[in-house]
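The structures come next, written out as structure tokens.
Look at the two complexes coming up: chain A is in both, with chain B in one and chain C in the other.
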Partner chain A sequence: MNRRFAALVALVVVCAGAGLVAGRGMSPSALWDVVGGGGSLTERHILFQLRLPRLLVALGAGACLGVAGLVLQSALRNPLAGPEVTGVTPGAVLGAVTATGLGFAGWESPLAVVVAACLGGCAGAALLWLLAGRSAGDPAQTAVHGVLVSAVLGGLTAMVLLVAPGQLGSVVQWLVGTTEGRVWQHWHLLWPWALAWTAAAWLLAGPLTLLRCGDDIATAAGLATGRARRLALLCAVALTAGAVAAVGALGFVGLLVPHLALAVFGADLRRSLPGAALIGAVVVCGADAAAQLATRLLAAAPDGGALTLPVGALTTCVGAVLLLVVVRRAPDRTF
Partner chain B sequence: MSAPTATGGARTAGRRGRWRLPAVLVLLAAASVCALSLGTPYVPVHRLPAALADGDTTLAGVVVGELRVPRLVLALLAGACLGAAGLVLQEALRNPLAVPEMLGVSSGAALGVAAPLVLAVSVPAAAQPLLAIGGAALGGGLTLLAAGLGRSPSAVLLTGAAVAAALQAALLVLMVMADQLDLQIVYRYLLGSLSARTWDDVTGLWPWLLVAVPALVLCAPVLSVLRLGDEDAEALGVRARRARFAALAIAVVLIAPVTAVCGPVAWVGFLAPHLARRIDPRAGAVRWLPWSAAWGAVVVAVADLPARLALAPVETPAGAWTALLGVPAGVALLRSGNRRPGRRRRGGAGAAPGPGTDPRPVPPEQVRTEQARAEEVR
Partner chain C sequence: MTEPMGIRVEGVHFGYPDRPVLRGVDLTVRPGELTALIGLNGCGKSTLLRLTAGLLRPAEGRVLLGTDDLARLSRRDTARRVALLHQSAPAVPGMTVHHLVRQGRYAARGPLGMLREGDDPVVRRALRDVGVESWAERPVDALSGGERQRVRLAMALAQDTRILLLDEPTTYLDLHHQLDVLRTVVRLREERGLTVVMVLHDLAHAARFAERIVALRDGRVAADGPPAEVVTPGLLADVLKVAGRVGRDPEGGWPVCYPDHPLAALGHENHIH
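This part shows the complex of A and B:
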């Protein structure tokens, strides 16, 4: 098990290195110069002010999404409950878009965006809570209502964008999910939040493992299932909101990373929770590196210069393909 | 099960039929009259026939005859298509949440509209609807092929979600590339809007309807058998996979042209079947189909009113209104259906609002279907 963790950490380092090297505008040898203390002023700026924060934000957001997905799936006992499905991501997007569209926030005040996204994510989850009401303990019902809540929130986001169409260009990135142009400010906002709530999730690992076994067994083992589930949901909402505020709605990360983590580290959340964080970081960072590399290759091609591949599109595509593979391999399983 | 429920449905219909036909018709008529007379210029109801007769000699005649009537006809047609397609999907996949958006049809059509716009490829005006229809058919066909031509309902739903997500990702890449003006056009289209549609758009729908409506009539009886579950359906002599594939293909043919013309008007295909079931819970798919189409028409026609008038000089997309108002209404329907005594215990998940939403005893095979459905949701 420790060997698996070591392998994952090595993978994180490799992905981080790839993410640093992959971008446009600087050759790997120039990068090496800068690391050795040399390099021109521009190159130093590119590495330390642009690439490093972007890399860290990608790692942090990936870890947040992975942990949030695993916590949600364990608390709701629903293998299909990602943050996208439970109204948290759409709510956070709505919050960020509303704040930007109505002029409360913008590029110069990232803190307002984080706060608005958190409020929106909490509002989305609260809406789901209101809707599911008495049947909140029932996982299937919760997931079904989550889809509907997502639809309502999507409609609201559309309305906001129609009222303030001038902001459309700048908020599309929240709908897509991209790490383009993230700077140290974003990282300074992300890490305390992520650290606090990841620690909370870690403390909840034991109760969550029990919740995975079913309410009856958890109650028999002396767990207050309702309270544990509520705390877990709060934790997942906060983590997702932080990630969305930082990078936008990255599709399928919160849905698929937990499955990978469970496959690699087993169902004991005390092990698979850190595992999910590492895998999430690897996935988002790797996807970011791949997206940058693809953008660079496309820029070399004739008339492809305008195209920048957002990382959200890449994760969504990969997730969709994985989902197809899963469905084709187990066609008659009822999910 | 068709025989006992058919008689039960007929009995219920006899009792409730007195108000249900007038109710839909009154709603439809009210929405139509409002759609024709409200707005700028306001044309009083008693002036409407005269305005229509005037043709293009007066301002009111032009506005009513050339702008409002085609828009209303388009709203009614689109709503009816989406409502019928929604019912077909929900029955064929045995899932109350199977909506047209889940098949990848809407995303495909949006991609077909957005791609030439953003990539600055000049396309002749006549070919633009064909591109959208092609995209819609591509999305739907991809889903059906990848799902093994209708192997199992849950496989179709999940595959649809995956295909829709992949197409959505492609669309997002396009949106990131687009400049501000293109972005607004694409976004407006994505929400589903009826603004500035003319008779040309309406006539573009007819050939598709000519194919779809007879097929729909032929496939309706099979749908009520499919609801029993694959094993029971096969025992009754229906080849379940083939029947499901046919039903899904019909749904694609119904949705694709509507999406191409108006954009994906969201959640009509979710709301209309639930309203139809609500009126006559005991009947089968054959009886629900026309009601679902009628309710779909009512929903779109009603949603188009605030879309046109709420923020008066600015048009808001009808799809945003159907999503904002339709989803809460649908949820209320689902919940009130679930709350009836005896339902929650038996249904288990309770997430599957069965057709048996009345307190009377339900035939055993129906209970079995509901349990299967609840398991699917899980």
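This part shows the complex of A and C:
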């Protein structure tokens, strides 16, 4: 088990290294110079003011989404639950977009974005809760209601975009999810939030593990399931909102990372919650490195200079394939 | 050995909007008693167990564990007094036997206590009690139906309660393993002074292992007493809706049923002595 954690940490370091090297505007050898204490002022600026915060934000957001997904799936006992399909992410996006559109928030005031995303995420989750009610543990029901809620929230987001197109460029980033242009300010806002809620989620590891056993068993074993579930959902919404406010709606990370975490670390959430954080960080950071590399390769092509591949597009494409695999082998047995 | 704890069910009514399930059940289970609940499917046996475990709240009446009113106990305090083995349980992908049984310690340790590693002697004892300690590290998903039943019994035992409720503990098991589970329950009850109430479908098991049989029909207690008094051709006909004859085990003296006996319907004397 410890060996698996060590391997994952090593993978995080490798992905982080790749993320630092992969970007445009600086060659790997120049990067090496800067690390060694040399390099020009511009190169130092690129590394320390642009690439490093971007990397940290990617790691933090990935960890948030991984933990949020695992908490959601455990609390709802639903392997197909995830922030994206339970209305949390679309709600958070709507909140962020609305706040930006109305001029309350923007790149200058990221805190307002976090708050707005949180409110939106809560609203999205509440909407699903109202619709699905007691059938929230039923994967098919939740999926259907989740699609409904996401469609409605997506429609509202589109309306806001049409009415207030002023900051369209930056707003669209939230829809796809990107780490482009994240600076220290974003990181300073993300890490305390992420740390606090991840710690809260970990403290809930015992109740969440019991919730995975089903409500009957959990109740008989002495867990007040309703309260535990509400606390868990609060954690999941807060973590998702933090991630959305930082990097936008990264598709499928929160849905698929928990499956990887459970496969690697087992159903004991004391271990698989930190595992999900690490795997989420690896996935988002790795995808970001791949997206940057692809962007760099595209830049070499004629007329490709203006193209930037957002990391969200990459996670969504890869995630869709993995989701198919998960759905096909989702267990449906009793014991 | 701690002092055994009794159960008192007083005037309990329970039902769903379209269907009453229990219509005034009174039942006193003495401390340390081994009681079997019998009756047809849907007569309210499982509901009565779930009410006693605090998983359901009665619409009327009350349930006392020892001297404590269940309605006043917190979820955790209830789980420290009474453990329930469910009829079935959902799959938990990726969980090992040891880990599942460990979940039974939740009430004793609390949410933060569950975070600590700690080698819990009660978990080890529970695994040993049902003889599954050798597969502690196997995934629950990979077990057979009978093995899972024993693991879930271990989980209930890990709660270390003085009252043990078993909802059809022998379902899914072959005869050998049925007897295995029942003998385990009888032995633990004697060793630890547990109060046991179990729903059984096999009247032969109830007559053989229980000190007392309580028969439910249409949400009421239809018969209550030691097996030798309760198990009669009349019980078979009225409660279980089968015609049958009842004899005695020549050595042990406990009642033996011959359900659907060809002579039973012919109006013969159905007590065989």
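Note that the second predicted complex is superposed on the first by the 310 of 335 C-alpha atoms of A that agree within 3 Å, B and C clash if a C-alpha of one lies under 4 Å from a C-alpha of the other, contacts with A are read in each partner's own complex, and residues count from 1 in each chain.
The rule we apply is simple: a residue touches a chain if its C-beta (ideal position, glycine included) is under 8 Å from a C-beta of that chain, and two chains touch if they have at least 3 such contacts.
For clarity, every value in this text was computed on a predicted model and none was experimentally measured.
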With both structures placed on chain A, which of the two partners, chain B or chain C, ends up touching more residues of chain A? B
Just to be sure I read the superposition right, which of the two partners does A:Ala220 touch: chain B = first, chain C = second, or both, or neither? second
When the two structures are overlaid on chain A, which partner does A:Gly155 contact: first (chain B), second (chain C), both, or neither? first
Quick one: classify A:Ala320 as touching chain B (first), chain C (second), both or neither. first
State whether A:Leu309 touches chain B only (first), chain C only (second), both chains, or neither. first
Please indicate which partner A:Ala7 is in contact with in the superposed arrangement: first for chain B, second for chain C, both, or neither. neither
Partner chain(s) touched by A:Thr209 [first = chain B, second = chain C, both, neither]: second
Partner chain in contact with A:Phe252 - chain B first, chain C second, else both or neither: first
If we overlay the two complexes on their shared chain A, which of chain B and chain C does A:Thr178 touch? Say first, second, both or neither. first
Thinking of the overlay built on chain A, is A:Gly266 touched by chain B (first), by chain C (second), by both, or by neither? second
Considering only the contact definition stated at the top, list the common interface residues of chain A for chain B and chain C. 331, 333-335
Okay, in this complex, where on chain A does chain C touch? 77, 79, 202-207, 209-210, 212-214, 216-217, 219-224, 228, 262-263, 266-268, 270, 331, 333-335
Under the stated contact criterion, what part of chain B meets chain A in this complex? 97, 146-148, 151-152, 154-155, 158-159, 161-163, 165-166, 168-170, 172-173, 175-177, 179-180, 183-184, 187-188, 191, 266-267, 314, 316-317, 319-320, 323-324, 327-328, 330-331, 349-351, 374-378
For a test of understanding, state which residues of chain C touch chain A in their complex under the given definition. 53-55, 74-76, 78-80, 83-84, 86, 88-96, 99-100, 103-104, 106-107, 109-115, 140-141, 143, 145, 148, 152, 155-156, 159
Within their complex, chain A touches chain B through residues 78, 131, 135, 138-141, 143-145, 147-148, 151-152, 154-156, 158-159, 161-162, 165, 168-169, 172-173, 175-176, 178, 251-252, 306-310, 312-314, 316-317, 319-321, 323-324, 326-328, 331-335
